[in-house]
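Paired with chain B in one complex and with chain C in the other, chain A is shared by the two complexes that follow.
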Partner chain A sequence: MADDTAATAAGTMRKAGVGRAVPGSRVLLPLAGIAFACAIWQLTVVVYDLPVIVLPPPWAVATSLSELVRSAAFWRDVGVSLFEFVCGYALGTIAGIAVGALMAESRFFRMTATPVIESLRFIVPFAWIPLTVLWFGTSYTGKILLVAYAVFFVMTVSTARSVMHVDPTLTRVGTMLGMSRIELALRVHLRAAAPAIASAARAAAAVGWIAVVAAEYVGASAGLGVLITNAATSLQTGHVLAGMVVIGLIGAGVSGLIRRLSRSRLDY
Partner chain B sequence: MTTQMPGAGSESRATPANPGTTSGGGDLAFEKISHRYVNGSRRTEVLNEVSFNVPAGSVACVVGPSGCGKSTLLALAAGLQPASSGVVRWDGKPVRLGPNPDLGMAFQQPGLFPWMTVRQNVAIGLTTRGRSRAEARRIADDFLLAVGLHDFQDAYPNQLSGGMAQRVGIARALALNPRLLLLDEPFAAVDAFTRLKLQQELKSLLKRYRPTVLFVTHDVSEAILLGDVIVAMSQRPATVQRIIPIEHADRNRASPAYARKLAEALECLGIRSDADGA
Partner chain C sequence: MTGRIRAWTLGACGLGAALIGWWLLSLALAGGGGVISRLPPPFAVGAKLIAYARTDLAADLLASLKVFAAGWVAGVILATIAGVMLGRVRTLGRIFLPLVEAIRPVSSIAWVPLSIVWFGFGFTSKMFLVGLAVFLVVIVYAVDGSTRIAPELSRTAAMLGMNAWQRFRNLVLPGVLSEVFIGSRVSLMTGWGTVIVAELVAADAGLGAHLIGVQQSYDVAAVVAAMICFGASGFVMNALFSAVEARLMPWRQPAGQDE
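For the complex of A and B:
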């Protein structure tokens, strides 16, 4: 069939990006980027002659990091932060997708919920920290809810938007095939919007992780935020920066994990 | 086509010589259908008091200028949108919004689910209508064979060309073994050779299952080949300009009768030919 060749050609075109891949560049280029950032960091320390207590050079932070990873307290702090993040993220994502889908499917619900959601979503999570401390003290609950709150709005707004933009032909096809409104919502609309929802979930992970650490700075008894504030009060600037590096690495890791999970199933 | 279509044995369909029974297609009737689209302050009248019948088991081909509301007619018959005024009746009952278990439809844009394989796209309508997975899969494979896509069962829609996707859309509609088959220019993106082949396949399938068919096309010769009647529509706001019955003898492309029908239909569309046919 004449049109079969076009199909395979389109398949290969999709894979090819712009520019040629140099062997090993997948590892070397990111390392070069990190080396460049460290070079600027080192240069700043040298040029301004900064004492270790103000800004330790990269190697000093690396030493602090190696000290940290050998302590049990560090791993407990990482565990607490991750636990709070995962719980809040799951809660916020599920609730956000559910409410977003409902807003897209039901005009009645959309009209009712929009004013509340539109005004709440501009109150940044950090504005709630004093209240969560007041209500929940330094327990996990406050932080989990804060993460859920931060994640929820990202997920609600983008789920609603992407479900409403699903190709209307797919809805017609689903109806023609005998699907009820609920089946259409679950099996067609959410599924068709899934790639967009997955990329929102990645953005939401960043927002949620930032919220965890920020909340721990203020009101917590354990977690990476606590580790950093404690290190700062005892003037261990190396540990402060090491903690910050860990936050960055974990955030990047979580984001990469979600991308990997979604890419395998949602590449269309 | 040589494959035995599943489902044919148990629920064999009545021929059009035996109308009024519930097997086979039912009667489709448009009664004074008017329709307009409202977009802000702009109102577009597309259909103006359109009335015609498609008797059970017959094939009506709707031809008309672009934008005259042919696709709207199909959407109304399918229960996908309500008419501004008038009634569409299927089997004597007014068509309501929502799923119709008798319906199979192929859309102008095939609208395949991108997350499903070709086979799953054809099978899903069968499973939502209560067939078992294994049965749905077998029927899907048979109809994919019929449209020449048996090598692409496991492909995903983004790996298909436009014409191939349209053929999947046709297979999906036919696999439902519908009593009411609505086809919206299903061969528009198919190359000429495949088109001829699919027209033949469709013709033999229609002969076997006798659904009631409303077929929208731009191609008058296709309408003569497949239709029992041609419904010629006017410019927007469209009315039925003429209903041209097609006899068996008219389908012989070498015959003067074919040339006359072609000229008649083209004339309705405002194209004057000197009866030189195609």
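For the complex of A and C:
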């Protein structure tokens, strides 16, 4: 995850340098890329004479998207998926930060909990989907717990790591000022690790959002995952692609929101 | 050394406590109370695991691993080639990198229904999904590795009068390959997760198909046993790859082991 942010940072730096040399190229070239991709897409459809079921042309997907946006059922699906995601995400983040901080602060707890966490961590959330369907049916509870599970492990592991990597000088300063262990944990360690925890929260959001969609494939009555599987079984490929665009937009939007929040609050 | 023994004892205690907690919880929920309709006790899961290992486990695991390996290898190779092209050729990068960034948030999981429409329920559609998942992870590392070359190294190369091919062979390629290697490890779990979802949805072969099969016959203990198989094989793959990584790149601390 840290590598990912580094890559983004490197990318922005390079792009900024290029933008200064040729003004406007930062907007124009990506637009050219998207236009190029759409052109290839359209050409493939025309040249191979693909039926709409296999690959609808770009404008058909745009039409499907505008149809979807105008229907109430679509907004209900988006609402259900977002509701499951937000509840599960909040639950998983809070629990993950708490357990991660505890693991970093207490050697005893860390040694006891690490094998349990490590062995559960490898049972990826997707493998839990059939079990949550058996336990909770198609209700929201199963999906909320699944998202919480997915988010929890990302948050625990990275919170523990970043709290343990807090500059030891800060701990010494806190001890000198007569802080208790709890005060030190809450007011010094978590504070100092907050930017790293925030970037983990961004990675966790991506994982959690995908877990919602995957869980909805297997057992759900509403949601974006249901929307695209239903569209696929009724061979409305345009709706499938439009649904994928919406899933991507929401995923990117959530990640951008968290980045903006952490930049404005944790700029140190 | 005593610290090590302490860590092992405490770890074993933690695992034991978790198992006992599970067992007690299964006793408490045995009557079918609460939201969780049925929680199998650990012994039942163990028995199912042994029964499964005696029958179809090897065949199912092999089918899943085949899909995974084919998709993973294809994804890593294509991502390396594409990453180097986008990273080294400025114009290509400026045109196509935003496109890659636009596709990345649409995780490969969201492609499952489309891939089934395109390739049907079979090996190809699952391989496509795994390959896509791996590609989208590794390409970031490949682009990163091919653009970030220490300036003093390229100055040295210029001073030594290296030609373009020599520069590529001696400067760019090692950097790219070591980044791609790290990306490949990160993509192991992404790819394995994609295999699971693809097999759950298009259940025709593999561990995921078995998982859906026992789920539909309400055999909760067998469901948990299949989940453990998924977790164990993911763990083994990760451990193997980390060992190779430690061997090939000893200067690099694998993530998650810096305690």
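The criterion applied here is as follows: the second predicted complex is superposed on the first by the 221 of 268 C-alpha atoms of A that agree within 3 Å, B and C clash if a C-alpha of one lies under 4 Å from a C-alpha of the other, contacts with A are read in each partner's own complex, and residues count from 1 in each chain.
Operating definition for what follows: contacts are C-beta pairs under 8 Å (C-beta built on N, C-alpha and C of every residue); 3 or more make two chains touch, one makes a residue touch a chain.
The structure presented is a predicted model; accordingly, all values stated were derived computationally and were not measured.
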Touched partner set for A:Leu170, first chain B, second chain C, both or neither: first
Touched partner set for A:Ile210, first chain B, second chain C, both or neither: second
First (chain B), second (chain C), both or neither touched by A:Arg259: neither
First (chain B), second (chain C), both or neither touched by A:Ser119: second
Which superposed partner A:Ala192 touches (first chain B, second chain C, both, neither): first
Which of chain B and chain C A:Gly178 touches, first, second, both or neither: first
Touching partner for A:Ala232 - first (chain B), second (chain C), both, neither: second
Partner contacting more residues of chain A (chain B vs chain C): C
Chain B versus chain C as contact partner of A:Ile129, first or second or both or neither: second
Contact residues of chain A, present in both the chain B and the chain C interface: 3-4, 6-7, 10-11, 14
Complex contact set, residues of chain A against chain B: 1-4, 6-8, 10-11, 14, 167, 169-170, 172-173, 175-180, 183, 188, 191-192, 194, 266, 268
Contact set on chain B toward chain A in their complex: 75, 78-80, 98-99, 101, 103-105, 107, 109, 111-115, 124-125, 128-129, 148, 155-164, 172-173, 176, 191, 193-194
Chain A-facing residues of chain C, complex: 6-7, 10-15, 17-18, 35-38, 90-91, 94-99, 102-103, 105-107, 109-114, 116-118, 140-141, 143-144, 147-148, 182, 186, 189, 192-193, 196-197, 200-201, 211-212, 215, 218, 220, 223-224, 226-228, 230-232, 234-235, 238, 256, 258-259
Residues of chain A defined as touching chain C within the complex: 3-4, 6-7, 10-11, 14-15, 18, 25, 29-30, 32-34, 36-37, 53-55, 108, 110-116, 119-120, 122-131, 133-136, 141, 157, 161, 164, 206, 210, 213-214, 217-218, 228-229, 231-232, 235, 237, 240-241, 243-245, 247-249, 251-252, 255
